[in-house]
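Same chain, two partners: subunit A is paired with subunit B first, then with subunit C.
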Partner chain A sequence: MTVLEAPAAPERPSAQDEGQLERATERRNRRTYLALLLPGLLGLLVSFVFPLAYMVRMSFNQGAPDGVIVETFTLDTYIQPLTDPYYWRVTLDTFQMGVTVGILCVIVSYPVALFLARSTSKWRGLLVAIAIAPLLTSAVVRTYGWMVILGTNGLINSSLGGLGLIDTPLKLTNNMTGVTIGLVEIFMPYAILAMISGFGRLSPQLEEAAGSLGASKFKVFTRVTLPLCLPGLLTAFLLVFVLSISTFITPRLLGGGSVQVLATEIYDQTTGLLNWPFAAALSVILLVLFGLIIAVYQRLTKKIGG
Partner chain B sequence: MTEPKLSIVDLTKRYAADLDPAVDRLNMEVEEGHLVALLGPSGCGKTTTLRMVAGLMDPTAGSIVVDGKEITHTPVNKRGMGMVFQSYALFPHMNVEQNVAFGLEMRQVTKAEQKARVAAALDMVQLGHLGKRQTKELSGGQQQRIALARALVVEPTLLLLDEPLSNLDAKLRETMRTEIRAIQQRTRATTLFVTHDQDEALDMADRIAVMNGGLIEQFGSPTEVYERPRTHFVANFIGQANFLAARVGAETGRANLAGESHYKVEVDGLGQFGAIGSTGLSGSSHELVIRPHRLNVSLHPGAAQAPLAGTIERVSYTGDALAVAVRIGDQQLHAQMLTSSGDLPRIGDAAYLSWAADDAYLLPAAAQPVRLAA
Partner chain C sequence: MRATIKGKMAAVAALSAAVLVLSGCGGGSEAAGSGGSATSGEVNLIAYSGVWQDQYTAAVIEPFQAKYPDIKINYASKRSSAEMLSALQGQKNNPATDVAIMDNSVSTTGNKQGLFEKVDEESVPNLANVPEKFRDKEAYGPVAMLDAVGLVYDTATFPEAPDSWKVLWDPAYAGKINVNAPPSLLGLSLTAITSKMEGEDYTQGIDSAVTRLKEMAPGVQTFAPNPDEYQNVITGQTVLGLGQNARGQFYSDQSNKKMGVTFPKEGTVYQINTINLVKDAPHSEAAKTFVDYALSAEAQTAFAKALFYAPSVTNAELPADVKDRVVPTDGSLNIVPLDVEFLSSARDKWTDTWKRQIITN
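Up next, the complex of A and B:
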């Protein structure tokens, strides 16, 4: 029998060695990741998890007059808002306001966001900065601005009155209309930002492809552009909804005390009536509302493949 | 000749008044059923030309005529072209069938007919079984085929392919090349194909338009542009070439029926040779083009008549090919040798070059290219 000389194998680690090396590196990397995460996690624990737990615990206490908190374990703080029609009304109003503001804000922000997302101009960066610049002014200042514009003797009413278009001033402040207008404008920058980051799948080439296949401009928009924007629109809606139902300043100022939502109610209970357990219970209810919406959002995004 | 399927007349695109035009008074006629490659380096205007034909971009001047009808200002959705994009541009929110059916739906074809035609189109690209898949679940090659099916299902007046193979890996690219060409020939779809890859163009096209700086340098069959380049740019861009500055002497006879002649030429430092070129070149300076694989290289003198002696300066062995650079005086010539099991030539070895007069082609243009690439 003859033995053929085998060609010399090139020198490289065997597959097994390589696999071990890979696993070791992976393990080391995982430890590094954990170490890097630790400061952030600790921060969250102290500033978020602990207060949240404290609030939930607080909601089971009993509030006595003059801000005295009786340490106990009762469901009274929940039974009251859940049985009192007034709180049902407030919760429903809050929800309705969130949805209305969310939808309107998405509608008015969409054209701006679409323009910015598509723009290839060298001014794009500047335009985006301008679109979100209102965030540099506090919501309080902008709310006061809206009060000046919408008030009984404000810009709109005096203009319309001066033109003889209306006899009695429109009631645009101290009601839900005013709050809605104010909130829509105040949250537009957030909506625009959320949309721009959510329009990732949109590309001019897809629209061109649709056009070349015979789609008119309108069809291109309804069949390609809009469906591809849906994830971004949904994210923007969710963000604005959450911000709206948790905001307190604008409903308080533009609502002038006649608009009661959960946030203003919680504020009153905390600072006015000093009933912290009750305020905590309302906060938990608001939190549950958030949770529900986020669950719906996740189902929807899965459905539209966002 | 019958009326061309597509005529492009003086088509010009200027992006800005102070820039050179991206496409400069381009003229081209494409015969029905032909696949024409627009070939050139990036920025030569090939994609701009395609986009103007597609209707995705307005020309600055000139006209586009399809089937005898001017469509220069027809909007994109009324042109009935089928376009395949470099990125495929499949709609991510639709499955494969919906993607392919889109063009039919826009043409308001009945549901039943849509179904049949979509199935036929998917079968044509051999992906009939993937109709219900989401596009993101497909590989690059599969997406490419779906894009092709989507463009062809509407029976387009012209099929426009914008670098369709550049996102595929090398192996797949060659398979798809053959497949696209086969489908194109079966459907007889008149096709414009943009590419920067000369192999693709030579392999697939009936005609190649070699573009440079917004101009067509040459428009001809693959063999024409390879064997009879009109300019230095074409000879250089398609395949490899040795260029030698030659003084053209007397015509020594008629070379062939195509009206070409044999000449005696003189190259500084190398001596006198026979060459071939179009008639009437005597007495001026022209560039001589010799393809590397047409140079005979021998490591021993005497194998050919009157060989040129030189030394090997560089050896490049790639398995099925062996390329060498040979220095003769101040000229460096590139040549291909057959690989054999024998010893490879080494740098510094003596080498002897020769070539046939028919393989030394005189460029018809003057010695300097008319327009240098920017």
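Up next, the complex of A and C:
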């Protein structure tokens, strides 16, 4: 505040005074920003930081049978999963599921997103709304829908059977195939949204320019369109990947108990066996996995962007 | 201009902060009472969800409220007893629940952890009608109802009910079987039954059972049937599965006998629910009134008729058509004893064994 009172004598403020004034305004702005951020930060603290800290603390406790939690400080809950091949397999399966779903989701969403991003139709808004409309229905409901479609007597098996193409029903559910199909569809709207917002640099003029210089349509796509879309594709992949490796309900419902991923394992440990410390440790491991992947992603986008 | 925008921003910030503080303070503020009145107030009940909740509400809770209009029952439903135990453990220092109806393997754990109160005939007179075998040795919550694990089957595929668990291994039905893997009690029970079929003492080890279950696993369509083990058979997704007799009987009626449930000859495992008073419950007096009513012949008969659970009291008279369909408790059924104390130590191990050795894709 003293800074504000100081420049009284000269009629025209000197460069030095102007600098001071600017700094004072900046400081005041910073305070306003802080005040504005405070409610959100408080909300984050209560709803995110506290539970997270509680979970991390819980992961160092010891879980005795029947839900008894022994307050202590042990690394056993981490050593056990990290030295047990079973949990490595579960982690690897989780990772593989995320990659597969991410890639497939990007492949099937890309044409839709590209069409929507380039569309100049007056219906574009409506089309975007339709593309993301599935989000209005809960993932649980959509998963149940897939159970009906993929089941032994479901739409696909009964159609194929009716056409005489198969004798015994295909096993499309209660395994990883079912989970992958369900997840790809469920995450498509997220992928489409992420892509549309990531296609900022895509411009029809560049494609036209390439075309007018003699590039074939295929070449325009591979040399101009696709490279410009890459940031959007990568964002969509990352989003779907992260959503997939943390998703619980679809692997649980469409996996039929045979698909064991980190999220279902955490659920079993929490609600079935009441081993909260162990479940907390698995959750921390999943979080670390997230962190690593996001770090890699940032490096990648920097590379592509730069 | 800038100042006014800033002023507005500050106002928004202050407002959102206020909203946040207010919403944070809006939690329950009910003071813990000293037990309250026996004929008024409320009772917070924690019990199973789904069809169990619907039938228990209609058969027991609604008639109770008609009898005691000043007591309100707040039903908090959970999918499993383990979830109930978890909720009660979370409330240990400040109980919000009064009564819990849960599986006895889990309530025994609750008793050991000091979550429940002892029950006596003075405060719960109908306890007098509960025979000794259905009471807790240390006078904690008594048995409220009994059921047993059954074999659920599609009546079109099996016009005659299968009489042996061995049908689960029959290659003719491979891919059409649902088995609930542990920690589900159904899977734990199947482990004990298979162990017995193999002539093994499951308290010593389950190697032979695991070998047999591994042979069954490739033919299992799902180890976690959804929406549940009964609907899977009713909709034709599978033709055989594990299930509980009570719900099985109920859904058999609901599906117009499309599905049946039976007790195979090699024996089965009881599924027993106890009714428990929570220690330091906020409405303990009204809770005792409710527990007493739940153990009355009237409530026990009504629930047996509604969901085919066997009563735990001696004075409940069931009509012949209901009596034939609830699990016998007179010793006429071949029972594989699954000791609750043992189960609490084996649950983790058996679940692990299933995941690592039996369920492999």
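Keep this in mind: the second predicted complex is superposed on the first by the 284 of 306 C-alpha atoms of A that agree within 3 Å, B and C clash if a C-alpha of one lies under 4 Å from a C-alpha of the other, contacts with A are read in each partner's own complex, and residues count from 1 in each chain.
By definition in this document, a contact is a pair of C-beta atoms (placed from the backbone, for glycine too) under 8 Å apart; a residue touches a chain by one contact, two chains touch by 3 or more.
The model shown is predicted, which means the values in this text are computed figures rather than measured ones.
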| item | value |
| --- | --- |
| Joint occupancy of subunit A by subunit B and subunit C, clash or fit | fit |
| Which of subunit B and subunit C A:L42 touches, first, second, both or neither | second |
| Partner chain(s) touched by A:M55 [first = subunit B, second = subunit C, both, neither] | neither |
| Superposition-derived comparison: subunit B or subunit C, residues of subunit A touched | C |
| Touched partner set for A:L170, first subunit B, second subunit C, both or neither | neither |
| Contacts of A:L287 with subunit B and subunit C, given as first, second, both or neither | neither |
| Subunit B versus subunit C as contact partner of A:T271, first or second or both or neither | second |
| Which superposed partner A:K219 touches (first subunit B, second subunit C, both, neither) | first |
| Minimum C-alpha separation between subunit B and subunit C after superposing on chain A, in Å | 30 |
| Touching both subunit C and subunit B, counted on subunit A across the two superposed complexes | none |
| Residues on subunit C engaged by subunit A in the complex (per definition of touch) | 6, 9-10, 12-14, 16-17, 19-20, 24, 79-80, 82-83, 85-86, 89, 106, 109, 112-113, 175-176, 180-181, 183-184, 221-227, 235-238, 344-345, 347-348, 351, 355-356, 359, 361 |
| Residue ranges of subunit A touching subunit B (in the complex, touch as defined) | 201, 203, 205-206, 208-217, 219, 223-224, 227-228, 304-305 |
| Residues of subunit A defined as touching subunit C within the complex | 32, 35-36, 38-40, 42-43, 46, 65-68, 86, 144, 147, 151-153, 168, 171, 174-176, 252-253, 255-260, 268, 270-275 |
| Subunit A-touching residues of subunit B, taken from the complex the two chains share | 54-56, 75-83, 85, 87, 89, 91-93, 102-103, 106-107, 134, 150-151, 154, 160 |
